[in-house]
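What follows is chain A paired twice: with chain B in the first complex and chain C in the second.
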Partner chain A sequence: MKINQQMDPKERDKQYNDYVKKVTPTHSLGLCMGKAFLIGGLICVLGQLILNFCETNGLDRETSGSWCSLILVALSVLFTGLNIYPKLAKFGGAGTLVPITGFANSVAASAIEFKKEGQVFGIGAKIFNIAGPVILFGIFSSWVLGLIYWIGGLLGLF
Partner chain B sequence: MEQMRGKQSIQLENAVYIISHACVTGSKEGEGPLGKKIDCVGKDDMFGQESWELAESAIQQKAALMVLDKAGLSLSKIRYIFAGDLLGQLIATSFGLEEFDVPLFGLYGACSTCGEALALGAMTVSAGYGDYVMAMTSSHYASAEKQFRTPLEYGNQRPLAASWTVTGSGAFILSGKHGRVRISGMTIGKVVDYGIKDALNMGAAMAPAACDTIVQNLKDFERTPEDYDQIITGDLGSVGQKILWDLTMEQGFVIEKNHMDCGMVIYDSEKQDTHAGGSGCGCSAVTLAAYILPLLERGTWKRVLFVPTGALLSTISFNERQSIPGIAHGIVLEHVE
Partner chain C sequence: MDYINAFWIGGLICALVQILLEKTKLLPGRIMVLLVCAGAVLGAVGLYEPFQEFAGAGASVPLLGFGNVLWKGVKEAVDTDGFLGIFMGGFKASAVGISAALVLSYLASLIFNPKMQ
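Our next item is the complex of A and B:
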């Protein structure tokens, strides 16, 4: 490595970043993916169980789906409050982030953290601190898709 | 005697001693390798307060009162306090010390603040502007996470290069009255930025600043690394340490044999799951009070270079895609009979 203060800053920064990348340890990608698959899969199995239970007890598919989401979200919030969800996420990574439970965790965690700053400027303003972008761009992309669908309909494509 | 040394350093003519030191930490630090050496370990990281920020203030207050008690001094003897923390607008410091009725210099140098406070405090005492001056810093894991990262209960995975903010505060009383450890000189650091943008690899962001200050210190005082029993950085962690060794080697100085990092001794990274090591203003301050100063007082070490390191980022600069500048201040501490 040849990096020092006398070098051209741009060249130095590039070389230094390349060097840092080499010496910085990272988690094993394969292992992380395995754990994420396991935990994410288990959450989805739980969802499926709830769905099947609701359907066998006479609810229609759509209502069962709503109950499934509600129960998963409620469980996630409860586990967040009990400080169990972060431990699960530490192990499962994206396996806990991608399902609806991850979304619920991000909202509940913000609510707990910012409660001290008051109901309005604390919880009210900051509850979607992490989930906000997901909501905004989620709604926006569904609007764009709706527009495409509508135009496609006018043109007789769909 | 000429007190200005080389480009950035000062050799203090009038002796300044660290006559008392105290540290207060949270429970995790108490369970770490330095646990038994820490003056006061809180059972509850809220320290009986309503918020993390107030908890940090309470830690500072406790550390300040303990250091006075250990020195047998009353608060009214303290001429000035030099203190800082990591929170926006230094709220932990201002709220922690507001009842003290002592003139205060609030300092921000991120995790390097301990060095800044000791340097300015020592200059003040040496110049005769105060008989007794207090230097103090603090950090709190939860208040730092809240400000710089995500809510505590948010589930995520920390990269291996990430560090763990120390919950704790270290306080020191500086005076011209004779003590066992003397601040003989200092090298004030520059802002050094090598373009690292990963806020979870602060060791890499700060290592160039640490290298710059250490090398400058050696040049200014015309010393070699062997002239120090230890060269001690603040919170580079295991990743930053490796980089620092490589960077100083590049400058022609081998410091591997006598370098240690406070962040790597305050926690047991395997058992306590802290990854690269400890960080925060409290990290270097607590390690100095609990570990480094006692060894200097006993004479196990005769002379050390204490270099707290800071990453000068904010959430705004990070979101605006700015790189993370680093800074480090070197304090020369010597054992005296």
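Our next item is the complex of A and C:
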């Protein structure tokens, strides 16, 4: 792009903005949604497979759910370490972010990335980069709801 | 049939979040926080449980389900332990997921080295 210093600033800004728009990669939203649908759906099917396997082996629903989380988290951490999950995320977008595997991926990725900064202030602190906010606000929101539930119980509402 | 439901509902949640991601430019961390909180609220108003009954892993695997698990843990703990339960249930219910993510990630950081993107 040619920028002429003598150009009218407004005209110059317009040219620049047009240029930025032109070189910014545009993804079609529909296509990205389709990819997210496919990958997210497949991860959930994998979860259903684990759930069904546990339940046919006589575990109750809650225990099956715990096993399901555990296995999905373990797979996600492993695939993050092997650098496969980031590639999947590039394709799947929100499809890899929304399932619990996305949470595990962000925890593992921070731990691995900040390893050079040391055990305590590198891995120890940075492992909570994403996990911290999720745990804090998850626990906090359920605490608020629990408080309402407890007060409601005292008043005989629930 | 449960596989089909898990696939299309789980996929649909992801596709909807993809819209949010593109239109609002929210960072992934914020999206995760939003999903977990929304899941806890949906659980508390009694919507998530019947939804999960229908969708199976399509509802429990997304982070919304994690929020629902937090709420369920708090509710059960309040039922058995009263006031103290408000402080117990969340961590109890999410223990497996959080411990697994932390412990396994730490182990992974000992084994794997960061890759150049």
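We take it that the second predicted complex is superposed on the first by the 132 of 158 C-alpha atoms of A that agree within 3 Å, B and C clash if a C-alpha of one lies under 4 Å from a C-alpha of the other, contacts with A are read in each partner's own complex, and residues count from 1 in each chain.
Going forward, contacts are C-beta pairs under 8 Å (C-beta built on N, C-alpha and C of every residue); 3 or more make two chains touch, one makes a residue touch a chain.
What you see is a predicted model, and the numbers here were worked out from it, not measured in a lab.
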{"item": "Partner chain in contact with A:102 - chain B first, chain C second, else both or neither", "value": "both"}
{"item": "Of chain B and chain C, the chain that contacts the larger number of chain A residues", "value": "C"}
{"item": "Touched partner set for A:145, first chain B, second chain C, both or neither", "value": "second"}
{"item": "First (chain B), second (chain C), both or neither touched by A:121", "value": "neither"}
{"item": "First (chain B), second (chain C), both or neither touched by A:47", "value": "second"}
{"item": "First (chain B), second (chain C), both or neither touched by A:85", "value": "first"}
{"item": "Overlap of chain C and chain B interfaces on chain A (superposed complexes)", "value": "27, 32, 80-81, 83, 86, 93, 97, 102, 106, 108, 110, 112-113, 116, 129-130"}
{"item": "Contact set on chain B toward chain A in their complex", "value": "50-51, 146, 150-161, 192, 194-196, 201, 204, 208, 212, 239, 242-243, 246-247, 250-251, 323"}
{"item": "Contact set on chain A toward chain B in their complex", "value": "1-5, 9, 12-14, 16-17, 19-20, 23-27, 32, 80-81, 83, 85-86, 88-90, 93, 96-97, 102, 105-106, 108-110, 112-114, 116, 129-130"}
{"item": "Residue ranges of chain C in contact with chain A within the complex", "value": "2-3, 6-15, 17-22, 28-29, 31-33, 35-37, 40-41, 43-44, 56-58, 60-63, 65-67, 69-71, 73-75, 77-78, 82-83, 85-87, 89-91, 94, 96-98, 100-102, 104-106, 108-109, 111-115, 117"}
{"item": "Chain A residues within the chain C interface of the complex", "value": "27, 29, 32-34, 36-52, 65-66, 68-70, 72-74, 77-78, 80-83, 86, 92-95, 97-104, 106-108, 110-113, 115-116, 123, 127, 129-131, 133-135, 137-139, 141-143, 145-150, 153"}
